[in-house]
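Right after this note come the structures.
Both complexes below contain subunit A, partnered by subunit B and then by subunit C.
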Partner chain A sequence: MLLSKKVIQSDLEEARQLEEHVLETVQGCGYSDAEAFAIKLALEEALINAIKHGNRYDPDKTVTVCYDIEPDRVRFAVADEGPGFALCNVPDPTADENLERPCGRGIMLIRAYMDEVSYNEEGNELRMVKRRVEQG
Partner chain B sequence: MTDFAHEGLDLQVQQSGSATVVAMRGSLGMIDVESVQEQLRRLVGQPEAVVVLDMSDLHFIGADGLDMLLVSRGLSRVQHGQIRLVNPSGEIRRILELTRLDKVFGIYASVGDALGA
Partner chain C sequence: MAEESAKMDIQSQGGVKLVTLADQKILDELSISEIGNKLNGLVAESKPPKIVINFANVTNMSSSALGMLITLHKRVREANGDLRLCNIQPSIEEVFKITRLNEVFDMKPSVDEAVDSIES
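== the complex of A and B ==
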């Protein structure tokens, strides 16, 4: 069960404020710089995708973020009100023919930096987990 | 420790001969991308402009920031100009490598190297 739930408008400033709150908590829990970077990156990409591609900046649609920040792992679920998408339809941004296209890197970065990433069947809710590495 | 919760972006723009050096300090987050894009658009909009982006003190960039770099590169090429990246360290370099954008942009060890290229 995810402990905190925030509903924001399709607005980047609201997304930034939520991200700020989450990062304060994450860094307060003692996560390393590398882990905090990964969490910031993944949450930012998830929020931008939800606002921009999911809700298409529609002010009547919201983004729901559930999160659970524990000392050993962070979990997020980010849901928008768009129709969703199929991961298999997203072009590989690292393919030679797509390298110079300015799009499609958010999802690959989330997958690269988080430990677990999945979507609901409709493709409009992203769930992701980052585990903390024990510091020696 | 980098303050990822609150850190913003500071741009210092300097002319160096015929090139423009832009030192990027802090985090290039979702809120900053549009204004940075606008500043870069003005710089690369000049014919044959060479714009050197010093990333030595840049701590964060996301996909929108990378897209912004690619759009600026496209505008620059129309004007027969160039964008050169300098010393992206740590996670910034890793992101450029993961996305293979290190193959697209010229990356230099120092501002001096970029200016002399």
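== the complex of A and C ==
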């Protein structure tokens, strides 16, 4: 069960405030700088995708973020009110022909930095997990 | 002569514009848009544009910021100019590597090496 739930408007400033709150909690749980960097980057990309591509900045639509921050792992579910998308239709940004396209790297970065990433069937809810590596 | 804004400091070193990003976080869309507009202005006013971007203060990155840099890179290239990125911290460099953009951008370890590589 996810412990915290926040509903924000399709607004980047609200997203930033939520990111800062989450990051403070993550840092308070003893995650390394590298892990905190990864979590912040992934959450930022997920929220921007939800606001920009999912809700298309529609002020009447919201983004629902459920999260659970534990000492050994963090989990997020980020849902927008857009129609969703099919992951298979997103071009690979690292393919030679796409390298100089200015967009399309958000999902790739999320997948690179988080340990588990999945979408619901509609493609408008992203779930992701980052596990903490025990420090020697 | 130096030119400053909340987001960056711009200095001229010979014919090279040295842009030092002031923000630790150049993540949000508004900051990125402001930085992008300023940098595109530099491309328009310099013929050919010679630009070094110093990332020493940058500790976070986003795909939107990468997109802004790609657009800038294209404009500099179309104007037959040169663009170098320098002082990129390891965590940010990793983002460039994951996205293969380290193969697109010319990245140097220091400001001096970046400026020298354009002027030489």
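By our rule, the second predicted complex is superposed on the first by the 136 of 136 C-alpha atoms of A that agree within 3 Å, B and C clash if a C-alpha of one lies under 4 Å from a C-alpha of the other, contacts with A are read in each partner's own complex, and residues count from 1 in each chain.
Keep this in mind: a contact is a pair of C-beta atoms (placed from the backbone, for glycine too) under 8 Å apart; a residue touches a chain by one contact, two chains touch by 3 or more.
Nothing here was measured: the structure is a model prediction, and the numbers come from that model.
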{"item": "Clash-or-fit label for the pair subunit B, subunit C on subunit A", "value": "clash"}
{"item": "Touching partner for A:27 - first (subunit B), second (subunit C), both, neither", "value": "first"}
{"item": "First (subunit B), second (subunit C), both or neither touched by A:99", "value": "both"}
{"item": "Which superposed partner A:77 touches (first subunit B, second subunit C, both, neither)", "value": "neither"}
{"item": "Touching partner for A:37 - first (subunit B), second (subunit C), both, neither", "value": "both"}
{"item": "Touched partner set for A:46, first subunit B, second subunit C, both or neither", "value": "neither"}
{"item": "First, second, both or neither for A:108, with subunit B first and subunit C second", "value": "both"}
{"item": "Which partner reaches more residues of subunit A (counting touched residues only), subunit B or subunit C", "value": "B"}
{"item": "Contact residues of subunit A, present in both the subunit B and the subunit C interface", "value": "12, 16, 33-34, 37, 40-41, 44-45, 48, 93-94, 99-106, 108-109, 112"}
{"item": "Of all residues in subunit C, those that touch subunit A in their complex", "value": "27-30, 59-64, 66-68, 70-71, 73-74, 91, 95, 98-101, 103-104"}
{"item": "Subunit A to subunit B touching residues, read off their complex", "value": "12-13, 15-16, 19-21, 23-24, 27, 33-34, 36-37, 40-41, 44-45, 47-48, 93-94, 99-106, 108-109, 112"}
{"item": "Residue ranges of subunit A in contact with subunit C within the complex", "value": "12, 16, 33-34, 37, 40-41, 44-45, 48, 52, 93-94, 99-106, 108-109, 112"}
{"item": "Interface residues, subunit B side, partner subunit A - complex", "value": "1-6, 29-31, 59-60, 62-64, 66-68, 70-71, 73-74, 91, 95, 98-101, 103-104"}
